[in-house]
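My questions all concern the structure below.
Going by the order they are written in, the chains are A, B and C; count residues from 1 in each one.
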Amino acid sequence: MKYFYLIFSSLKRKKIRTGLTIMSIMIAFVLFGYLTAIRQAFDAGVEVAGADRLIVRHKVSLIQLLPESYEARIERIDGVDNATHSTWFGGIYQEPKNFFAQIPIVPEELFDMFPEYVVSDEQKAAWLETRSGVLVGRGLMDRFGWKLGDRIPINATIWGKKDGGRTWEFDLVAVYDGAEKGTDTSQFFIRYDFFDETRAQGQGLVGWYTVRISDPDRAAEVAAAIDAEFANSAQETKAEPEGAFIQGFANQIGNIAFIIMSIMSAVFFTILLVAGNTMAYTVRERTNELAVLKAIGFTDRGVLGLVLGESLAITFVGGVLGLGLAWLLVSMGDPTDGSFPVFYLPTYDIFVGLILIVVMAFIAGIVPARQAQKLQIADALRR
Amino acid sequence: MTDKNSNGTLVKVSHVDKIFKRGSEEIHVLGGLDLDIPTGEFLALMGPSGSGKSTLLNLIGGLDRPSEGSVEVGGKRIDKLSERKLASWRARHVGLVFQFYNLMPVLSAQKNVELPLLLTKLSKAERKKRAAIALDIVGLSHRSGHYPRQLSGGEQQRTGIARAIVTDPTLLLCDEPTGDLDRKSGDEILDLLQALNKEQGKTIIMVTHDIHAAARASRTLYLNKGQLSVDPVD
Amino acid sequence: MFNWISQVVSVTQFSVRSLPQRKGSSAAALIGIAGVVAVMVGVLSIAQGVLKTMQSSAGDSNAIVLRSGADSEMMSGLGGEDARIIAEAPGIARDESGAIASPELFVIINLPMRTTGTDANVPLRGVQAPAMTVRESFKLVEGRMFEWGLNEVIVGKGAREQFAGLDIGSSIEVGQEKWPVVGVFEADGGLSESEIWVDAAVLQPAYRRGNSYQAVYVKLNSSEAFDEFKDSLTADPRLNVKPMRESEYYDSQSTTVYNLITGLGTLIAVIMGLGAVFGALNTMYTAVSSRSREIATLRALGFHSGPVVISVVSESLLLAFVGGLLGAGLAWLAFDGYRAATLNWASFSAITFAFDVNLKLLAEGIIFAMLIGLVGGLFPAVRAARQPVAQALREL
């Protein structure tokens, strides 16, 4: 469009001021992008949670164990496709800060229940052949620089070995990748049979069950049926959709989404003030120029559009730079060094960012633009 | 192009009043003013400060509306046009030359001259061509790439005139065009205006303080206390 | 020298008097700085709050004994016999009932959070009588103490606030049984306030623990007695334990959460600070350019450029100071004492705490603001001072 030249050349006025305003806007969008990635890290688990999966745990306390025998009983309940158990191993690799989840599970069940963990056929076979073998997520493997064939020693804090020792040794024979962007690739899966025969106590007891149901719409109904099955027994259960379970954990950490939204609002509000102020100042200074444009024949609407256009030009440059920088920073990796299962900037939010750019440009520029629109030529020229 | 009525009057101002409000005060700048300007005239308007010369100019140029009365240019009642229509009318029919040039500092001379053409449907190449022609007429082709801050006062005013004529307007309105220039540059500008009037037949209305400038015009009118007369007031 | 000072004074007076003309942009910069400080202080007060809770919990002359290799009570396991041996170690203070050594069980029970309705892992501690004596700050504030041997519980103030169903008269469900809440206790803002306490002898069978515990808390004769206490235990061939000072233990527990929040909070504050710097620079450049003719006139009259720089910088600092004060005040009003709960990674259990906007944080916030003001004022000031006078005078 022919007016682009006019709009962009007015950015040349007071280059320092324009530059600084662009910088402020850039910073706002860097924060937006980065905080969005952080929020996503907390939400990711909930999003990729299977809509057709339930988690069944001990009703009283998460740390209480359930009998292995529950599996068959759960599978007999109407609406249940398959059930598999998992347990919390809770060991330490080298030192406590190297935290990651270690989970004893039955291999064939894992492949069936969690199709989002993608493993090559040969590695699947390798795991099924090696009793002490472990299936490790790609993210975890990269974090510690492990290779296939490595021997990984884990110091058990909960589960002592029958021989009295506390150091368990595992063989890294298989790696899994996530089917989706948000899939957690930081887990360490141990063969349940190896676990059960080596542990000193608690044989036949497991941590929780993951249940696949045939109809996601019946989730609440099936969950209630499962709990009813074990009601009034020595170990009562609590069944809930996987997403809800994970959300519960995030809620414990704190209302992250709310905190982040608040920070972002504060930031945007502040930046809006700066940008709006700049625009207002610019228009005030240029009363004369704008009047001349009107005198030459630019319509009131035309001048309104010009000021809004300038606002958009500034916000666009700053916003795109900011989003780009945020993307760069996010790709540098997890700032907590392993606590987040995933860390990335979702494409959807980039679009949200772009829309915010336009909205911001409008809000910052509308008042000065209206002033420009209403300018009376004769008055303005006289000044 | 230009609508003339039978006796060649381009501008017809009838019974025009202009009242300004300052707070609760009302100031009558023009009162019951009549003025006919034939096509091709070079008219100078003189008078003491505050006499309303610029106001009258603004009314003729459609930059302001009269409180009472009518303003007709080329057969059209411009005081009755909507803001939007007035804007496009101005773009097509009026060229403005200001005392302080009023060029855009961020645009080169060439781009400044092209500005009014943005409002037309001409292609980029055409705009460039016309601007070049206008700059040539005012004798500033060699400085077309320079920015206003790099031009002398006289050169800036010449750029202003080029901008004013680039759309080939019916009327050229000049508000103290030589007010900020030294004698030599001022004379050059007046030469230019006279040439535009005599050779190109442009109708020019010029507000000025300067008797020497007024002498270049074909007719001079004096404005005092909102009334026009042919005689200067002491 | 005196001449210089009077120059600074007059220039500054002059610029301060012209402030009202620039109230729009000054207000924008001020609010911007206030916003940055408010957010920074707010976020960091979370970490401070968690830290305060941890620190309140630790008694100077207290120690905790876990199984060797365990990093938290949750992961630890001690037999009843171990607990008895530990209680006989040297250095432990004694009262009329004997050694002030408290063997304790640490488990979690799932209860809904009041805010979200979703479950939280609430710490449930099985105690014996010495538990109350070991913790000097323990104080029953409502209701009564539970009766030993009965299925009764008392709850910490923080727990009652954050989790549903813990008012006196309600009961928590443990398997088939209902355990009524009979009292509420305080512990000087420490960790215990996030917990529910019950008789260890009642908890053990409910969680199938036999005669085992997770930790032994002891009160020592003095802080110095720790070494003797520790050496005796580590040398004992019957035991495989890890004695720690309570303060050490709580430090290790809070590290992850504290570092995480402080790290993120600082990162956010720095980024926001940068934004505020640009905003402040913008304001000050505008301020300076709108007065460049005045400044040039002053210099043409004979004022040195030094005073000009100082006056611009001091104006910027003043703006930043007020903004910082505003932001800090806002943060204090909005956040201080706000109670919330988060997850203790080490023991995977909930801890309740209050946002702590302390003096240190407020000071940090204001200093940060002044820094922004300094940078925001310095560049424009130097530019104004360096501009050739003639050019500035021409710049209308």
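As a working rule, contacts are C-beta pairs under 8 Å (C-beta built on N, C-alpha and C of every residue); 3 or more make two chains touch, one makes a residue touch a chain.
Quick caveat, the model's predicted, so the values are computed rather than measured.
Taken as a graph of touching chains, this assembly forms an open line, each chain in contact only with its neighbours along the path. Among the chain pairings, A-C comes first (most C-beta pairs in contact). Centre-to-centre separation between subunit A and subunit C, using Cα means, comes to 26 Å. Our note on geometry: subunit A versus subunit B, Cα centroid distance of 64 Å, whole angstroms. For this pair, subunit B with subunit C, the centres built from the Cα atoms lie 71 Å apart. Residues of subunit C touching subunit A in their complex: 24-25, 28-29, 31-32, 35-36, 38-39, 43, 46, 69-71, 74-76, 107-110, 113, 115-116, 118-121, 124, 173-176, 207, 256, 260, 263-264, 267-268, 271-272, 274-276, 278-279, 281-283, 285-286, 289, 340-343, 345-346, 348, 350. For subunit B in complex with subunit A, the touching residues are 54-55, 58, 61, 63-64, 83-84, 87-92, 94, 96, 98, 102, 104-107, 111, 115-116, 118-119, 124, 163. Within the complex formed with subunit C, the residues of subunit A that make contact are 14, 16-17, 20-21, 23-24, 27-28, 30-31, 34-35, 38, 59-64, 90, 92, 96-97, 99, 155, 157-158, 166, 232, 234-236, 238, 244, 247-249, 251-255, 259, 263, 266-267, 269-271, 273-274, 276-278, 280-281, 335-336, 339.
Considering their complex, residues 2-3, 5-6, 9-10, 12-13, 288-289, 292-302, 376-378, 381-382 of subunit A touch subunit B.
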